[in-house]
Amino acid sequence: MSKITNSIQDALSCVESGNTVLVGGFGLVGAPLSLIEGLTEKDVKDLTIVSNNLGESGKGLGILLNQNKIKKGIGSYFTSNRDVGDKYQKGEIELELLPQGTLAESLRAGGAGLGGYYTTTGAGTDLGKGKEEREIDGVTYIFEKAIRADVALIRAHKADTLGNLVYYKTARNFNPLMATAAKKVIVEVDEIVQPGELNPEEIVTPFLYVDVIIEAQQVLTKEGVVNR
Amino acid sequence: MTKTSKTDMQHVIAKRVAQELEGPCVVNLGIGIPTLVAEYLDAEDIYLHTENGLLGVTDVEAEEIDPNLVNAGKLPVGEAIGASYFNSSDSFAMIRGGHVDVAILGALQVDQTGVIANWAVPGKNIMGVGGAMDLLVGAKKVFVTMSHTSKDGSSKLLKECTYPITSTRSVDMIFTELAVFEVVDKQLKLVELMPGVTIEEVREKTEANFAE
Amino acid sequence: MTKTSKTDMQHVIAKRVAQELEGPCVVNLGIGIPTLVAEYLDAEDIYLHTENGLLGVTDVEAEEIDPNLVNAGKLPVGEAIGASYFNSSDSFAMIRGGHVDVAILGALQVDQTGVIANWAVPGKNIMGVGGAMDLLVGAKKVFVTMSHTSKDGSSKLLKECTYPITSTRSVDMIFTELAVFEVVDKQLKLVELMPGVTIEEVREKTEANFAE
Amino acid sequence: MSKITNSIQDALSCVESGNTVLVGGFGLVGAPLSLIEGLTEKDVKDLTIVSNNLGESGKGLGILLNQNKIKKGIGSYFTSNRDVGDKYQKGEIELELLPQGTLAESLRAGGAGLGGYYTTTGAGTDLGKGKEEREIDGVTYIFEKAIRADVALIRAHKADTLGNLVYYKTARNFNPLMATAAKKVIVEVDEIVQPGELNPEEIVTPFLYVDVIIEAQQVLTKEGVVNR
């Protein structure tokens, strides 16, 4: 019953057309680059992708976008990929724009078994339109619903063979949240170690959140994305 | 009339904002002019927060760049002594929960009550908001930096914003290449003219009402 | 008729529940009989979660007791290889979010739809609930362990709970010293008689309707 | 502008009558024992104490209770101190009982600037009575409000002089949450170290949450609470 695989397509075997898929990363930093590439090679469509960005033009999730595999994008900053606007203009993709803090919080709420929450962010703005408003102690909040998904593709620094994860610097970002909010969690890592090698006080994602572990085949370097 | 180039102008504004910061404090810098503010900070007890998950941002030397260590503008940064990393929900919990002392943001427009528009332009697809709305509702103080006028010479300090607002919250101070304003009781108050700028020039280039 | 002492009885139940657990899984043990279950687990891939902030609970030798390492019953425990610590909200996020496979809880009463009461007694002050309600709504499966009858001999498996319920969610299995029940479609189903127990005894001591 | 003090009473100088005070710990484990004792020696009253337990009979917060300084207790398990029931019976204290996960989540929500949230916990039970119910995707949730306070008294393992904190084993519990949800946060620790000595990936409470740091004068040992 090992969680570890060497095959990207095996790792992605649970991903099906129509799924909602969480994809970690802030731009390319902390994005599961090998799993994203694997997804571009897999025959799936009508995906709802929840990710801060939809990659860059022709890179990462940007490829998936250009393959017309994405039915809907939920994120906070699509501006990083000019192709998203074009697709949207042509009616080829639905978009749901959320403030970055709301995106993060909704994922956390989903993972924590909450239905939703009230935030001040977005109240009184175009992004708050149509959302329920509620006054609490004299402050106006809007209701935001929790986000849960079928699959999460995330990036961590190290995993032990049980699935405990630690992250690296600002590559942490959305990954630990997404690890909690999907039925299947697939993680790519720099290194796989034995249980006991990670300090119990330092583990950020306890193993009960993780289903599949694979070593990253692509990594982000100063020179860009390179194969290992 | 000021005739500084765009970059000079940005540095003039950034330098002036930096003077307004007093440690100990935690400051979040937006993209654009706000990012330049870091160059003018010398107090050891001013700590920079970046919403992608780091408290304790510093400059980084070219040879020490780490592709997995970036700020919210995706630019490489360094790690201060005493820094800490956290996930995106913890980062925005800090922001929204009122634990960040100052957010310094750029703006497209400011109205005369101090409400700003800085995330979307009418007629274009609404494609990105990032952390702007969270910072506006959450930071204890919000400082805005921007050029006083648009490329066509029209005032960016308006009676009413024509672009979608970022929050109903009024910012606390506005810094342009011409002047510094405070927002008191939802009214703009001119508190300083930038060097070489006359009150007449500010009056001429400002659509918003302001107290002098 | 069974004549085991209270402690023997508790161990009999704990041992039987332990057999029901199949690794890999994460199990949260409540206070009382559930705590004893740990003594009967030998699979290496059954991990224990305690809601005060530890995944990977083990026994501890007397000489290695650490006063700052306890379970939800405030009893000293040890740390398994691969264990991790987390705060209370992260711990209950695991529970409520459906990430804990099995919760084993004690109960004061169970009704014939599998709804349990285990946190308050009418007529007494309602003083404590702890994590019981969270575990009931959140764990993927809930197993209940309890003596079949009260001290006065009355059934604890009732048509309706007379004590305040802990959740509207039905538990999945019930283990007593007399029998094992499954809850299927909100109905109790007797699936096993404990050694030496007759169906007549179970019928006699069970107020709740159940399928045989 | 050092955050460090050697005087418990100086550390507690901001605590005033009528305040809402968060007190960390799960029983005595992770409780700020020195600060609690300091509070029993301070002339304050009408406190609202938010803590999982109200100590044990005559111990920790139990002393404060017997001094009649507590107007209201908000917690999940008052059963650990039999005196709480007696006071409640006599009408000398108000109590608000919350499920433990709700107590933790409400503190987190308070610290995170949220107004409240929807949880399944307690729905349909006596503890859910009078709380707003809401159906979301076919599941019944109840509304729970965020908790914010004037002061938090917490216990950590190590602090650096900036106020970054790490915790020790199951003494972590409510402490990191309470550190986020009060105007003033006072922490007692085993050890104060220099900035840079704590690993940036390991810090649990970043320094911006912490106002006052003091070395613990009382610690929990196998033999009970002892003075250092």
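A few comments on the model shown:
Here the chain labels run A, B, C and D in written order, and each chain numbers its own residues starting at 1.
The criterion applied here is as follows: contacts are C-beta pairs under 8 Å (C-beta built on N, C-alpha and C of every residue); 3 or more make two chains touch, one makes a residue touch a chain.
Quick caveat: nothing in here was measured; it's all calculated off a predicted structure.
The minimum number of touch steps linking subunit A to subunit D comes to 1.
Averaging C-alpha coordinates per chain and comparing to subunit C, the farthest chain turns out to be B.
Rounded to a whole number, the gap between the C-alpha centres of subunit A and subunit B is 28 angstrom.
Inter-chain spacing, taken between the CA centroids of subunit A and subunit C, is 36 Å. Taken residue by residue, subunit C touches two or more other chains at 79, 85-86, 89, 92-93, 95-96, 137-138, whereas all remaining positions touch fewer.
In subunit A, 105, 108, 112-114, 119-120, 167-169, 201 are the positions where the chain touches two or more neighbouring chains simultaneously.
Taken pairwise by the contact criterion, the protein chains fit none of the simple patterns, being neither a path, a ring, a star nor fully connected. Applying the touch definition to all chain combinations yields A-B, A-C, A-D, B-D, C-D.
Across the complex, subunit C is touched by residues 26-27, 29-30, 52, 76-80, 84-85, 88-89, 95, 97-105, 107-108, 119-127, 140, 167-177, 204, 220-222 of subunit D. Remark: subunit A residues 1, 108, 110-114, 160, 162, 164, 180, 195-196, 200-201, 203, 206-209 touch subunit C in the complex.
Contacts from subunit A toward subunit D in the complex involve residues 105, 109, 112-120, 134, 136-137, 139, 141, 145-146, 166-169, 199, 201-202.
Touching subunit A in their complex are the following residues of subunit B: 50-54, 65-70, 74, 79, 85-89, 91-93, 95-96, 120, 125-134, 137-138, 164-168.
In the complex of the two chains, the subunit B residues touching subunit D come out as 24, 26, 45, 47, 49, 55-56, 79, 81-86, 89, 92-100, 137-138.
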